[in-house]
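Here the chain labels run A, B, C and D in written order, and each chain numbers its own residues starting at 1.
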């Protein structure tokens, strides 16, 4: 019995999708994770509308990044696949993309507001505000909708010169979050951190409607002690 | 030992009622599910005041849609039965009806507000605002109360020409949600989605009291990619 | 080996106290249940500061209602015992008293507001607003504090001529809820319903700061279909 | 095979760290507990970035209070270690220090507000408002950041003459809570109580934006019935 050359990729993808459920980030079938194999030029992604409980590696679909063609898999890929593909093409450091409808992050997306960096929990993961896109136009929605969803995300990061490796998350206006990271595990962790940060920020504004983001000094300190060349959090070589 | 000719119907009804508890949609004995067998002209429904933990198919009561007469079952049917019956009579596509007191949907009902379609999570399930009924009159309350509850729901949909197949949920003023769908599983799924959407919409308004519903284009896109002839979500033939 | 003549009472009390934890109504050791045996003129109550996980019937303390003297039990009774005793003396229909610091009910108590009857979930359990006491005076606090806590509750019900059998709950100002019922199981159920109702009412006001209580007709309908001579909810003879 | 002379200390520290997760006070790896052995002049603390699920006593790092030197342990200690050390040096009664990013306590820290004593749940644990520090300066952040975090906490207590044995918690501005107590178990219990109190206080202000702290009489009554020479809560000699 032959195995797929993408077996490990599909397992990583399957586990990350199931982890979304374990962490309480998705209800019903509202979320999905893709994982890229940059060398092979492909990514693995959840099939559309399959319950997390029954999801197995053999259900995972493998898609070519450049062409969007299905390379492996009998099921139809997630309807959000073109958004994942667009992000993997634009954000070279992203090794995985996560989409959820986690509740408090969605509230910010529906309110049309980016999440300010109100504290160190946020700064430990995102180097500044998590931005919200503009609403999509009827033409974009009526066209290649999921691909265009990726486009408005990329536009948002390019226009404001936000580094997607430093702010690995976005809120799509009236929709919800997309999050990415160097690996599936990291992308899922950031998606979880985003939901926590979104919840805390709602409560912060309730207590202080004029709450301000933390200082640049504190933002730098917390982000950089966990990320980049001067990081000193975690164990040496543990690859935070 | 003879079995009921409605054995499968009663099992589906029992499972759906227990699923309400698993999903956290009901506390104590506040909710119930009915499931119709249109060919037989009957529906199965939870008995009144029985705990979900001990509910078994043989407890389920079978009622004639047209007459309201009990066809099978030793226990008294749920006190909400006439509301279920009224909805099954008026909404021909409904194969099942769910009533819960899920907390955030109740908050909207108690506030006397319909839930605006603030995002795609909502649009994936409900084709526009989930409406709230008018308050019931003392005469309606003092009369056949549960039947009249059904009447104000039907009135609300007819007056505003809302298609109950496209907006399969309503909030009864000062009371809570009724939800329906083509099957028991789908009706329970919509009841769950309603609670999620209700929670997200509360948080949305907290962040942006002037939040607007999503555009008609985005509403159409999301509802129609999951429902109707042009749907492309899920697996072909999976009957979303 | 001899058993206590209050063995069943102590078991009922122990189980009800543990149920508080199962229902999520108490954190740490913040709550307690007492159960009366009116014929014997005693009540059983949780010992002070004992964890729910290790609580066993033999830990339960039995106290004489009239005198407050300990009849049975090696441990010190809950510090809230005099409040329970005062309520059992004043409210003849109460067979059990529950005290918790359940979070949303406490919020109303801390805000100094009674919980309006915004919907049928509330009306199914409480026949109108759940009242809040006045703040206690320094003299009351410095005196027999726990006994005086009972006094301000009784004063509140007498002054407004509220029937404690119809509104089996109160919020002590700046403190939290006391709830009672004909049995330990019912009192715990009402304590659970109170927390749910408190949560829903907070969200209701968030959506509609001018929200009004439901009509007298709807309040009567829901309370009386579950309580009293004309009740038709549940199974006949099931003793709701 | 030789065992560490700090084996019991490391076990207490390990258990308390894992308890943070059980109580829902930490997500990902956002929290840590340290436990002092005053006679030996050391404290045990969680290593940096290690998951609670896999944390074992042998991972715990032992550090000298006075010098900050690692006495035992192969892993790098938590990056928050200098804050713990600063607090253990300044607060002589503290036998353990807990740091979490528990969500509602963080909201207060991010809002830059101390938590008023709105009720008896608060007064049972903290003798008055739980204070918030001033924001740290860029010089403090750019210097020995974690040590300086301890300094602003100590400064806050000294400036307002707050007794850290009576108010065993603080909110670091834009960051989150630090909590301490005579033992690891007590410090964790206070961290849990803080989160509960933070949640209740948010809801209290939502219901009554002008809510006032409880009276001095009620604060004294509740704090002193659980703490100090005149305590009468719990069982005699149980060491509350």
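Going forward, contacts are C-beta pairs under 8 Å (C-beta built on N, C-alpha and C of every residue); 3 or more make two chains touch, one makes a residue touch a chain.
Here the structure is a predicted model, which is why all the values come from computation and not from measurement.
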**Complete:** The chains touching both chain C and chain D are none
**Message:** Since chain A and chain B are copies of the same chain sequence, what is the angle of the rotation superposing the Cα atoms of one on the other, rounded to the nearest 5°?
**Reply:** 90
**Asked** Do the two copies chain A and chain D share over half of their interface residue numbers, or under half; same or different?
**Response** different
**Prompt:** Per the centroid of Cα atoms for each chain, what is the distance between chain A and chain D, given in Å?
**Reply:** 33
**Request:** Calculate how many whole Å lie between the centre of chain B and the centre of chain D, each centre taken as the average of the chain's C-alpha atoms.
**Result:** 47
**Complete:** The positions of chain D in contact with two or more other chains are 206
**Asked** Quick one: which chain pairs are touching?
**Response** A-B, A-D, B-C, C-D
**chain A to chain B touching residues, read off their complex** = 27-28, 30, 47-50, 75-76, 79, 101, 103-104, 106-113, 135-138, 141-142, 145, 174-176, 202, 205-206
**Request:** Could you please specify the touching residues of chain D with respect to chain C in the complex?
**Result:** 118-121, 124, 189, 192-193, 196, 199-201, 203-204, 206-208, 211, 214-215, 217-218, 221, 225, 232-236, 238, 240
